[in-house]
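In the two complexes below, subunit A is the common chain; its partner is subunit B in one and subunit C in the other.
Showing the complex of A and B:
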């Protein structure tokens, strides 16, 4: 399998990259880590005449902690995100998401922006971005815009990004006190896996009443995009944070919120059952972390 | 037993420096001046008639040097076993699987070759395809090969003793079914080759193969050449596991392209072509009935198996026999019957893979032993000890266990795993299980009917004295055979390992049947020992003449000549040696006469000292049809204990630890033996847990890469405690026998028995994906009304 021929561009700034993109339009593709793009090109799943590398635009790889939020550049690698103290301290579900992608070699190259633009329903970093209410930061020559992550995915491989835009990064608001989050993925083997089901949950509770103030649950591999489990979330609000609530939420997610299909990685029935188990388990751990 | 100086140590492998520094040369590292690149056109259809092939556009493409089809390749049939040749290099009238070869191109670059392949126009008439055994056996099903009604490729019917009687006299009778999934060898190096003709018409094929000898014969036959005009060289190879144990169509196409273009031609398989060629482990569907007495004595086995063969025979005729012949042992058993069927269908052909034919039968049978033990309230380990064969025993199908450390293996894993403290005492969700197994130490007969020596080796002492050159046509494919033979040569000659240089994997060096059926350590090892003894004898004979001392009073050890009793005066020899080396600074000063001096003197007296060695097994096996398959001069055996955790909510199985004991006879290199044990366990875990080649309804492989075909990662690999049990095999060189394949036998059933212990479920289908285990647990809960 040979890489097809294409013209390679290496702009030094976002503006330059946007100009190139405007010039070549849909015949050009952005290259971040390349761990999906190059595989797709080799397998002839996609073709392109121009590759615009974003690797020389340093600002895109930055991870910056602000008082109320953190900004992660689109070209920050999974390895870099995993090793950043603020991510480890405040966004542990994102850390476990990026830690589960591929292998060490892949994590050293793969970027968060790339994982999001690839928009696989099974993407490992996506459920965490959903539960942390990430904002997607987009830029074109006409200006900037921000899109809530749950409005960004439109289908497998499809996003809200326009042909003349670059995804520059993500803004994640700091989680409130008394909150916790957790991510679990399930596959056939223990690493380098494409998920059968993956779930992330976020939980905020009132330590006095033990009541759940807010909950967000994101399900991967059980619909055309990663989705929020809204009915399960609604069920949790105001309930006491305890095992039975988490179990009920899992059952709600399993039977009412997910729309899995049968494929060679797993059956819909098994995926549903695992949505129940993983929702319960991620909530249980999120609650434990919230109480720390 | 004799004290050894070199064998049975942990000598560093002689290929490690090259491999660690990236200097080891594999096929893909090689290029030749003016070399062309070849590419194959392979069928996109599982079953179709070829109406016409138009290569004109491809031929016109700039940079294309040759396009070949069956018109160039001819209709000579080849395969693995001569009686079962059913392949041609290119499809002649029809294609039988997605990937069947139709044409090949040689061009100035791979880009051009691939573009030219796309320009070849083939008109097909699509035929209905059969993709399963059931479809293939149906009345009126389309036939793949003329002369194979019902698509039956082979059938075997054997009975030893009286099974009906044995079952009648049994108190417990267990019948179960067991099914695995088609495997891929998933070796790291994809097959590749370079073919080139010299100006005298000699063809050299450099190929990533396990069997230079068989490839040489097949190439010579298909191209209509003298065997002496075909040289096959195997550079370093990134494993094979059985899949590279026969000539492949790419090698043959490459040679024909080189002949036509008169230029060197290089070809490589991509990973998806590796999956298309297949030739790895079959899918087996077993039904086994085992009878036993209340006291645990095994009485009889009735065994039926269906093999999903794919489009061609490949190794299949051997596989279907091995499946039956390697079941009964390592237990004492008088009555065993076997009905085996291998069925053609429109998928890639299956062949041989580590533990050839026997792995899934063992996975079924070793579970039944646990079921019997449970029924009679006996520890499954004790049940096995009770029935275990001993050294010298012969199975009912005439396999003789000339050494057999099976009981020692069981005791080693009992102790190593803490079996007695754990069995029956683990919490729900955790389990422990064990199993045993055995395997041939080299096939008793070559694949083609012949009296040939199975291995020849040449040991030549350098004329300056001091260094021994070992030439063998055997195949180092990563398992460590080069190191093993260098160690055997050094031990036999009585010189340090660093004074041996070894070259292998070249048919010009002699005959060696290659790396398959776990044969090289015993067979090539014997030939190496024989050659080294021959060379040493010549040196000692010269010494005896020169020193006028009896030859039987001399030996060589650690690089020095040793004399029984007082050493004769060798000062004249030393003076002669030193005179030869005027001006040199390393003249011998030791009290003992060195090997270097002795072998130099031998050269001065007799010319080059060349020792030749050879080996073939003695006559083996019974007289019944198929008796040859399963025979071997020796059998390795092993026991394993698996400890697992089963997640009762998700069905995920985690293997916590494997304790593995293997009797490899005398271990030539302890580290290499452990490496083979670890590798076998890893492959067994992969097959047990997640490996499975999946096809779509058109007969195309869906998961044709290593992202979706899931071999074991380091994260899946448990701690493996590898315990080497050494016996003294009378038919092995220095008592050595196999470890490469026998070590995989117990892995799958040990895991299955541990999963039962942990979760209460018996699984009769592999792999143990979380979903399959989850479904079994749900079924178990419903049946037993557990919430």
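Showing the complex of A and C:
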């Protein structure tokens, strides 16, 4: 398959990248891991006259742990994120999200920023970013901007990012003590599969009263963007953390919080049923992890 | 406009002028005649084009040649020495892990990367290590056995 002709730019800094983007506007596209961009160009889904590679901008690939939060650079690869101790220790649902992307060959190239910009409703890293309350960090020549991740997705392939902006990374606040989170994706096989349904849940509880202090549930592949299951979350707050509460939340998520469609990967009814099951399962595991 | 890149392929230094829209797979196959690296899908799905780039296995059909400036690339051609074929290649031959052979170079590069990082992989780790490589002939069992026989 042939790639169209384009000019290739390799800036060494964010500023230089933004200047190039400003100069070439919508005729230019940023290249991170290329696992979406090059496939879309080969399949003639998109075209471009200029490619601005981000791979020489070292700061974009950094993952840094701060006392209260962790910052993940947009160009950190899935493989690098998965191997980072602070992610393994504090953000296990994100680790499991990135571990589910494609194959290990893809994960050596694919970046978190690319997965978010691609804005697929089924994107594997997105539910975890939603439940960890990630902030999306954007920059243009005019300045910096932060957007809560739940406001970032506007539709399949559509985001809040402006044409003159670059995504520089994500800030994830450290989860509180007595909290846990979990992610499950349901596909047809274990490796390299587009999800039928994918769910991440976060749970914080009071170990004295066993009451749920906070809960966040994110559903993928059941709407035009990954979404929060707000009614199920509201139902959980103040309830005792136990199997029946998790089951009720699953039923709420299944019937009131999602709008799945029929396609060749699964029927809407099946997707709904699986939202119920996976919501309950992710909450159960999140609770177990919270109790450690 | 062509760009000049410098890279090391199987420990040989190269200086090449490449078109920006050429993939690493095409650079290897068409410009350098290293046709051991195969192309099945050209979209990251099959793993036939697997090479090792700076120590990590990647789909060379999804890497632009210009992006490899300054990189170290290992392909299947780099495995054999004057003493003969590489122990991984030998194990694949002896265990019958090759039928049509189209997936073999990619499968072997994934195996090399797996064993370089982890000389004694578990069953699960072996299966994960080749999960990016599709084989339409063998049913994977013999490939698995070949890799298993290489565990130290």
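Odds and ends about this structure:
As a convention for this text, the second predicted complex is superposed on the first by the 292 of 292 C-alpha atoms of A that agree within 3 Å, B and C clash if a C-alpha of one lies under 4 Å from a C-alpha of the other, contacts with A are read in each partner's own complex, and residues count from 1 in each chain.
The rule is short, and it goes like this: a residue touches a chain if its C-beta (ideal position, glycine included) is under 8 Å from a C-beta of that chain, and two chains touch if they have at least 3 such contacts.
Model, not experiment: these values are computed from the prediction.
When the shared chain is aligned, no partner comes close enough to touch A:23: not subunit B, not subunit C.
When both complexes are overlaid on chain A, the residue A:104 reaches subunit C alone and has no touch with subunit B. Legend: residue contacts after superposition of the two complexes on their common chain; A:79 is shown touching subunit C, with no touch to subunit B. In the superposition on chain A, contact is made by A:194 with subunit B only, not with subunit C. In the superposition on chain A, contact is made by A:1 with both subunit B and subunit C. Annotation for subunit A, partner touching more residues between subunit B and subunit C: C. Contacts of subunit A with subunit B, set against its contacts with subunit C after fitting on chain A, overlap at residues 1-2, 103, 190-192. In the complex of the two chains, the subunit B residues touching subunit A come out as 110-111, 114, 270-272, 649-650, 652, 654, 689-690, 694, 702-703, 707-708, 710, 712-716, 767, 769-771, 774-775.
For subunit A in complex with subunit B, the touching residues are 1-2, 103, 186, 188-194, 196, 264, 266-267, 270, 273-274, 277-278.
Residues of subunit C that touch subunit A in their complex: 1, 3, 19-23, 42-45, 47, 50, 56-59, 62-64, 66-67, 69, 110, 128-129, 131-132. Residues of subunit A that touch subunit C in their complex: 1-8, 10, 31, 33-35, 38-39, 42-43, 51, 53, 55, 79, 102-106, 108-109, 190-192.
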